[in-house]
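Per-chain residue numbering starts at 1, and chain names A, B and C are given in the order in which the chains are listed.
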Amino acid sequence: MSTFNNAYDVSREAEMKEPLDFNRRSRLKHVDRVFKAEILNIIHLTEMEKLYQIRLLDPAERARFSFLPGQFVMLEVPGYGEIPISISSSPAKNGYLELCIRRAGVVTGALHRAQRGAKVGVRGPFGSHFPMEEMKNHNLLLVAGGLGLAPLRAPIFEVIDHRPDYGDVNILYGTREPAQLLFDYQYEEWGRIDDIDLRIIVEKPDPGWTGPTGMITELIGDLEIDPRRTFAIVCGPPVMFKSVCRHLVEIGVSMRRIFVSLERRMHCGMGKCCRCNVGSTFTCMDGPVFDYWAVMNLKEAI
Amino acid sequence: MLFRILSRDRFRTLVETIMETTEVVAPKKVGVRSDGEPIHQFLPVADFDEMDLAHETTEHSAKTYFLPYRENLSTYAFSDDDWQQEVHYRIQPRAMVGLHACDINALLRLDKVFVRDHFPSPYYVSRRRNTLIIGIDHEPCEGGFCRSLGTDTVTRGFDLYLTDLGDRYFVAVGSDHGFDLLNQVGVAEISDRDTADYLEERKRIAGLFTTEVAVQNLPNLLDIEFESEVWKTWGAKCLGCGSCAMVCPTCYCYGTTERVSMDFSSGSKEKHLYACTVVDFAEVAGGHNFRPDRSTRLKYRYYHQHRGFVEAHDEPKCVGCNRCGRACLTGINPLDVIHDLQAEDEA
Amino acid sequence: MKYLGIDSVRPRIAVFELTGCEGCELQLANKEETLAAFLDAVEVVNFREISSSSSDDYDIAFVDGAVSRADEVERLEVIREHAKVLVALGSCACFGGVSRLKNAFDLNEANREVYGDRPQETLPVRAVSEVVAVDLEIPGCPVSKDEVERIVQHLIWDVPYHFPAYPVCLECKQRYTVCTYEVGLLCLGPITRAGCNAPCPAGGLGCWGCRGPAVEANAEEFLTTVHERGFTNDEIAERMSFFGGFEGLLP
């Protein structure tokens, strides 16, 4: 009989037997298999957001897991579903991940009810990253609005972990109200590091607020930015990052040196399901990190 | 490429030989339209005579045998506040007979996404590798514009490809499996006369094409006409039913859903093919819809077909089969939509 | 059952019937392979199809049937007061259902037609949501047990429940059903909410719209295309009125 009748078992391919590694694109792998992870600590940030410290359970997987600042993972709660979450921890911590999660739907709802010790699944890392190598020996302007501090936290840690490689660092953060400020327990530390300047602004102050009040663009005006020596990362809602990016372009920062992280509803993370498609672009593969020139060329409203 | 001559009888023997051990899927007549025309679908056949290779086209493409409408991606077993994940791939061999050139070209496009792109899909690879493909030449189908897209002929992606020469088939051999099968039933080497007849037949078929669409300038045209009224006009007609994407041989977008059993002892993650014309395609958690109106959704369907895919894979995703045009109840079809865009551009 | 470190609680459920055939209630007691698990996951305190006990202490109330009498209005208001979650079960509860056809006639004439010289007290037929606030609707004639199970799971564990927004056509296509319009018959599939897995078109009947309109159903274009296919406004309106779900979209 023809050899055709011998069923082909894809699981027997050598590549499929290698340890699961999502960094190795274009290799056959169990694309829907998750790394099992455990919730180690749950840190309450605001009424809406919690930070989950998780670790991959398998020590080998944990050590092998690596990512670059700006990348995201698909977080699976079996029975509930899978959601894309940007990684908020230091890349140096490998498979000890920190994920900042806002309660918005059923999956995040389940996570907000979950207790320490609960098991979740992780696929990834996926997507593009901030070009930390290229940014070396330059000044950095890191701007976040609202939940945008979550994706910005990985590059902040990367800079702290490799402090001598970078020039002056300005971190600007703004939210609507003081109660929405994320990671407030870290401001003290970040602000005290040599040549890292942290400034925070809110739109609507409460009685206890002593800092500046207004839109985040007001903070940028106060800074002295050398456009030829500066890279910028801007994370936040579209209205916010557009106005910040426009301002930076006006003062002469190259569009190719301004990076944003776009949030879209990825379902697969692998450029297959098309749900995060913006015109010709797959946010999960070509993004979530884009330079501002690429953003200008996206046809769809962002 | 090797070519052989297969008699009609031996072709029957070949299919019947496959049927002894393997599921055969082929065009089958499933009904009659109110105008008297037969309706065909790719379905499992138990008998050689159940196949109808004289079919003009099938209502659906062959896609579902490679990208099922619903497919289990993984299962979970729950116990003691913990879970275990299991993943399986379908590995039962299957033969598909009677695919047209456009159908096979469509598979080659899907291969680009699911085999040759960054994250190959083991689910797809498994189905593709376990499927024997026997294609066949045919006269152009109504409204089909495959010739404009160069998908009326095919040189790979199949095991055997037949051209009907009346009393015999001229066979292009695309794989060792196909070659083995031919040798089992007995074939002849090609003669000069066979070649001449084959070329004559190809010429005759090529001469029958009447439908043409200028697709070369489409990527830029789509950018230029991004705000065009054409989208509003055609978008107003869209029922948002997703039929176009369901019958399309290359539409592959999907969503996933998870389900648990009533006793929460097991769960599954299921993939279900979706459609970019459906109202909530671009809705995100929290309710924001990135594509809130019909015309935007329809536009992006064309955008992916004729621009996005070109940018990523150097050719349109569309193979010109016009199945979407035939399936659309309100008459939205690529011929007229593209024509209107071009008319707008010239105006 | 414990998952994610959380113990699940068994909600107390009650089932009530208003005007209808009680077919949807029967569906609840259906599907033997999961019935035991279903009854384990919830505590039934009031459901006359399967139990004679009755209690006013419940979390979830399923209401089957339409509202067509004054005493039903009163009962419904009491149910709403007791229930944390009120679920309208079936096309009658969601839209008024078949009995809503009565509203097209003079009430007394309809009464005479049905009850002859022994008229009954009756009101124009209303959907449950026209009388009290409804938290969830499960349309269908009858409802599918599968969908009911998923809603119940959603209410117990807050697992996602996807109520399809798209029309029935998508499910017909996934089933390889030959389009009803190909054979020249009327079908409401293009404007009706999917989720039933399209059994009626597959059976050659065309869709009768028991699940009501899909999200942003394009009724205008639908009417244009069925007119072009030779169907009259009367035929279309009759079909669209059958389960009462398309009021406001009729030709």
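Miscellaneous remarks
Following the convention adopted for this analysis, a contact is a pair of C-beta atoms (placed from the backbone, for glycine too) under 8 Å apart; a residue touches a chain by one contact, two chains touch by 3 or more.
The structure presented is a predicted model; accordingly, all values stated were derived computationally and were not measured.
Chain centres computed from CA atoms place A at the largest separation from subunit C.
Of the two chain pairs examined here, A-C and B-C, the one linked by more C-beta pairs in contact is B-C.
Distance between chain centres (mean CA atoms), subunit B to subunit C: 37 Å. One simple way to say how far apart two chains are is to compare their mean CA positions; for subunit A and subunit C this gives 43 Å.
Counting partners per residue, subunit C has 3-5, 157, 159-160 as the residues that reach two or more other chains.
Shared interface positions of subunit A, defined as residues touching 2 or more other chains, are 79-81, 105, 107, 118.
For subunit B, the set of residues that touch two or more other chains comprises 78, 81, 257-260, 264. In the complex of the two chains, the subunit A residues touching subunit C come out as 77, 79-81, 105-107, 109-110, 113-118.
Touching subunit A in their complex are the following residues of subunit C: 3-6, 157-160. The touching residues of subunit A, when paired with subunit B in their complex, are 1-11, 16, 25-34, 36, 78-83, 104-105, 107-108, 118-119, 121, 264-265, 267-268, 270-275, 277-281, 285, 299-301. Put simply, subunit B touches subunit C in their complex at residues 30-34, 39, 41, 43, 59-60, 69-70, 78, 81, 236-243, 246-247, 257-264, 273, 275, 278-280, 294, 327, 329-331.
The touching residues of subunit C, counted against subunit B in their complex, run 1-5, 8, 34, 37-38, 40-41, 149-150, 153, 157, 159-160, 162, 165-170, 173-174, 176, 178-179, 181-184, 189-191, 214-218, 221-222, 224-225.
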